[in-house]
Amino acid sequence: MDKVRVGVLGATSYTGAELVRMLAFHPSVSIAYVSSQSYEGKALPSIFPALAGIKEINDNLLISPQEAVGRRSVDCVFSCLPHAASAELLVPVIEKGVKVVDLSADFRIRDINVYKKWYCDDKHPNHPAPHLIEKAVFGLPEHYRPQIAAASIIANPGCYVTSVLLPLLPLLKGGVSIDTIIADSKSGVSGAGRGLKQNTHFPEAHENFSAYSIGRKHRHTPEMEQELSLAAGKPVQMTFSPHLLPINRGILSTIYITANRTAAECADIVKKFYASEPFVRVREPSDLPQIANVVHTNYCDIAFTGGTDGLPVIAVSTLDNLVKGASGQALQNMNIMFGLPETAGLMR
Amino acid sequence: MDKVRVGVLGATSYTGAELVRMLAFHPSVSIAYVSSQSYEGKALPSIFPALAGIKEINDNLLISPQEAVGRRSVDCVFSCLPHAASAELLVPVIEKGVKVVDLSADFRIRDINVYKKWYCDDKHPNHPAPHLIEKAVFGLPEHYRPQIAAASIIANPGCYVTSVLLPLLPLLKGGVSIDTIIADSKSGVSGAGRGLKQNTHFPEAHENFSAYSIGRKHRHTPEMEQELSLAAGKPVQMTFSPHLLPINRGILSTIYITANRTAAECADIVKKFYASEPFVRVREPSDLPQIANVVHTNYCDIAFTGGTDGLPVIAVSTLDNLVKGASGQALQNMNIMFGLPETAGLMR
Amino acid sequence: MDKVRVGVLGATSYTGAELVRMLAFHPSVSIAYVSSQSYEGKALPSIFPALAGIKEINDNLLISPQEAVGRRSVDCVFSCLPHAASAELLVPVIEKGVKVVDLSADFRIRDINVYKKWYCDDKHPNHPAPHLIEKAVFGLPEHYRPQIAAASIIANPGCYVTSVLLPLLPLLKGGVSIDTIIADSKSGVSGAGRGLKQNTHFPEAHENFSAYSIGRKHRHTPEMEQELSLAAGKPVQMTFSPHLLPINRGILSTIYITANRTAAECADIVKKFYASEPFVRVREPSDLPQIANVVHTNYCDIAFTGGTDGLPVIAVSTLDNLVKGASGQALQNMNIMFGLPETAGLMR
Amino acid sequence: MDKVRVGVLGATSYTGAELVRMLAFHPSVSIAYVSSQSYEGKALPSIFPALAGIKEINDNLLISPQEAVGRRSVDCVFSCLPHAASAELLVPVIEKGVKVVDLSADFRIRDINVYKKWYCDDKHPNHPAPHLIEKAVFGLPEHYRPQIAAASIIANPGCYVTSVLLPLLPLLKGGVSIDTIIADSKSGVSGAGRGLKQNTHFPEAHENFSAYSIGRKHRHTPEMEQELSLAAGKPVQMTFSPHLLPINRGILSTIYITANRTAAECADIVKKFYASEPFVRVREPSDLPQIANVVHTNYCDIAFTGGTDGLPVIAVSTLDNLVKGASGQALQNMNIMFGLPETAGLMR
């Protein structure tokens, strides 16, 4: 079979570079182009020296996004661009019939008004391509596999979102009634991206820990609530509290739910749901998920505990924000779209 | 005024060494002895080289606990020993009329059956001194100052406990009705002590993050519930979830409460309650507490946010587990007991 | 072609677990057994939960070393055991005609008296198999490839050693005259192994940095001097100063040499020497090696600078102590011994 | 005695904030003003929330440098500004007869041509006040105490510089003949300042380690060579190699010297030289200096080892770059200038 020819927009972001590295070692992929607005004409290893020496990466100089979207000999385009910029550039690609995986939030939110409320501002007052939203499939393979296989546009889920949905969706789909949901999530600093900010300056993030955007302020909230509501068959509201961990990679979410089941029953439902999934591991309460067990892999580890004395059941889930939370999941979606083995390029 | 002559049991634990360092620079204290079972006869700086060169510390060789409790010329004894061992050694000290500050859990729990359930085992089937429990005062100065001033036995609160009680007690005392309490707490590794364990071996704790003892399993739970119940005037149950942060010092607790007040109203009540307190800083939601702002100080920083759309109010609190969470608070208690300025030896 | 059937002794050390993970994803390898004295009968993922879900690893319960060395259907055995224990167990394996890669120091030192001086003590007064030393090949593929291809015993080099030899050997072999060598090396904590020690307890290693075993005290010294002397054709003595970095993985060596060449000339010689090597990258002085560029890979990055004003030339080299410094290099050696592509299982 | 009234220029740099914190708790100091170009009108705790609640700091709003240098009722001004800007603003202060401690490099280099070579560029082609250079005293108290006591301008030494000079100067002054000097230094990230750069972005500095400006490129080189040459009575050249450690604070220098003395003799000379110094601790080779032993203190720890088999003697020294390497040493200098106890405000 011919290799899938892929292009990557926004290749110099952390998710972009991670994706390019994985693509370079994928047995059924050839890299058609890597693109970057800021570093046009340079080689990716001049920005990420770790990537030096990998032939397929060294040979591809970064091209401008404008040139990239004009390229014809490509089967799949990944966008690691920020929202708004992403959908804008993807429109001509999609119109050419090329399949796309968008790692930005642009195609995740089905309700245009919700999108506008959370993502639009004076500079970007509108969604760049509202007519394409309904064609997009939410790229969570464990829950949308058939739709992904048939899709031309994948909205790759947010990193926090994946860590919260994977433990909860099987419960809601399995008829568990959940009253309140509180997700206390902690993320490594790479989740904040490569752009420089005072709070991610080493001496301020190191030996520190803090909450941010808590109290219904983080943009991943509507995405979680959308998918939880779809699974529950009714509107779901939740509390989402992100925190900044002084580590490079990884998210761990501690999720408190008041449900009509015990922790063991929840674990059982979720274990059955994911029984044949290659990238979800349901663990025992005696072996709680730890970030170190999933970094640099596409696994999401999950466990359930608590729930005694009438107190909430507690789900703990963890994944690598750059892999299962972004580029690994994007690759998993591509594998499904192109009929490749789902784990291709993802086991190491 | 004469200096307060103090002795320290368990001086080679992390809390012990931190306490000795603070005592050495306290203007109204002289160190009568430092004691350690394992390192008898050695100088403290041979175990903690950072303490070298401080005359008062160099001159005091570590004596055995047995010798220590026999010493007469001492006004106050701090115990940094583990529970059970602590009360056992403190009994003869207390009987001599010497004031004690116990950093272990032995005198924190008022109900002997609750103590037995959480702390006793085959090796230590009973509390070593049940008759002394009712004489002990819970050493949270912001809430028990007059009692501390008159006390001869101080039960210094646990580190997690202090971070959870300080934001919540003023609400309960102020008549706020709180239905559910979930404390998602994160602690630096020094909180686990100086003893070697696989999960605190550097390569396993670093670049990692995990929950432990969640689901009503951590020993600080009954201590929190006791004080919350006293303040509420009725039994309070709560969820307490500790996590291990890959940093040396500091605790941050994110606490979710369903209360009949807004976050702003809660902040207002707490701000008024602590208006003249030297070591509690109530911050704005735009300036959330961060561990880096309190390490190496005796401050506890608190803020309130959330509570919109019918969702829980969120309290965030942070402190240094070795200072306000242990040795600093112990020193603050000593200052109160001996009529010294409450901030003496604690500002830096 | 049939898969190479491999066994791993000492599979529960850090190097062992890293090796097993790499072997599980190697396209031409099947794991015959994994062995551990302490964890016999358990599954490897019960000790390293990160490895859960990988079929080949889950299916292999840990067997005792005694059982392991009796196994017949195996083509290659890796030993990740400590010195002395390693050679002792490998003797019967070697006698059966099975090829071995020994990650311990047992077969690295050619002069038995040097070995005794650095490695023997009252408990292990002699080398367990002195007659086999001369059959062993020093497993540095870039310098012993033909010998490795024909070898039955590989002495896999030490982690520090590899970082020091790779930049220096081509100079000495190229006729550069070097008068003095000072290697100031810094290693992440995994290099100290999985055993618990006070100086690798998280709160003591984190936010810390220190030298250890400096002044001709570290066991990697004789191994470096042996290979440098062989390349120089005369005895070479050097200064080797290891330091403990507060990171998990990676070594960076800053090496000062007084040589009769400029830094640029040295870089040129080394670049030519390694021109077709897949795992050595010679970098420009403007792009100095950094640990983050090599961790989790089998690369060694090297650059040369300094040498102006009559001052020493400076070589900087870096590698991952668990990969090119141990298990990755061991796998590279196995690939060569069995005629497999040298990069098989090593690119990711 | 009246309190010393001090002003701080550049109070929002890391060294500035650390200095202000120390000044606030100094028993004989009152803060006259804190100044910042970028944050004029704000309170320091709004930039450094850790400083909230300290009355003397809260009450002082940041004033502009222009307003600051016009203030009359001040006894001593500290400048934490960058070079060039620092001397420029200090000129009018000095002319008013106010004593100054300059933490920049402006008054450290005695030879104007050396200063120009290392510090001047198109934007700042000249030293702002060459006529004042000869009035300045190099602020290393252990070596210039009498001159500091009489000085009106203190050139506070660089952080790396202090770590290299303290172990070497007593040797040169004691007649030891040193042929070559190589200082391999490692610094925490706060040494790079508060300004944002890609290499100090958390995900790029964390779990990383690298050399920078090695090969005679770092600006601290001429300052070291100047003082070493003065002590040796002849020109001294040296190799200085700085590295970036993934920690917040602390410098450790491993210094290789070829000298006509053993390590023990060197240690002896240095121990005698510093016998009555409050802030230098000479340690045994069995108890090598570690960064964790000096952070947050004004100590410099030193030890000597190596020197066997004709190899170089090795000095290891460590200090906190923000304390003995900057603000603590500045305060020590102020104490000497104003006849205060030298340790005032510096023990904790």
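Per-chain numbering from 1; labels A, B, C and D assigned in written order.
What we mean here is this: contacts are C-beta pairs under 8 Å (C-beta built on N, C-alpha and C of every residue); 3 or more make two chains touch, one makes a residue touch a chain.
As the structure is a computational prediction, the values presented were derived from the model and not from experiment.
Asker: For subunit B and subunit D, what is the smallest step count along a path of chains that touch one another?
Answerer: 1
Asker: From the C-alpha centres, identify the chain that is farthest from subunit D.
Answerer: The most distant chain relative to subunit D turns out to be A.
Asker: Can you check how far apart subunit A and subunit C are, centre to centre, with Cα atoms defining each centre and the answer in Å?
Answerer: Between these chains, centre-to-centre, one finds 37 Å.
Asker: Round to the nearest whole Å and give the separation of the Cα centres of subunit A and subunit D.
Answerer: That gives a centre separation of 46 Å.
Asker: Suppose each chain is reduced to the average of its Cα coordinates; what separation in Å results between subunit C and subunit D?
Answerer: The separation of the two C-alpha centroids amounts to 40 Å.
Asker: Enumerate the residues of subunit D that touch no fewer than two other chains.
Answerer: Touching at least two other chains: 207, 246-248, 290, 292.
Asker: In their shared complex, at which residues does subunit D touch subunit C?
Answerer: Residues in contact with subunit C: 180, 182, 184, 186, 204, 207-212, 214-216, 237-239, 241, 243, 245-250, 252, 254, 256, 263, 285, 288-292, 295, 305-312, 314, 316.
Asker: Taking the complex as given, what residues does subunit A use to touch subunit D?
Answerer: 14, 188-190, 194, 196-198, 200-203, 205-207, 246-248
Asker: Show which residues of subunit C lie in contact with subunit A when the two form their complex.
Answerer: The touching residues are 25, 49-50, 52-54, 207, 278, 281, 283, 287, 290, 292-294, 296-297, 299, 301, 347-348.
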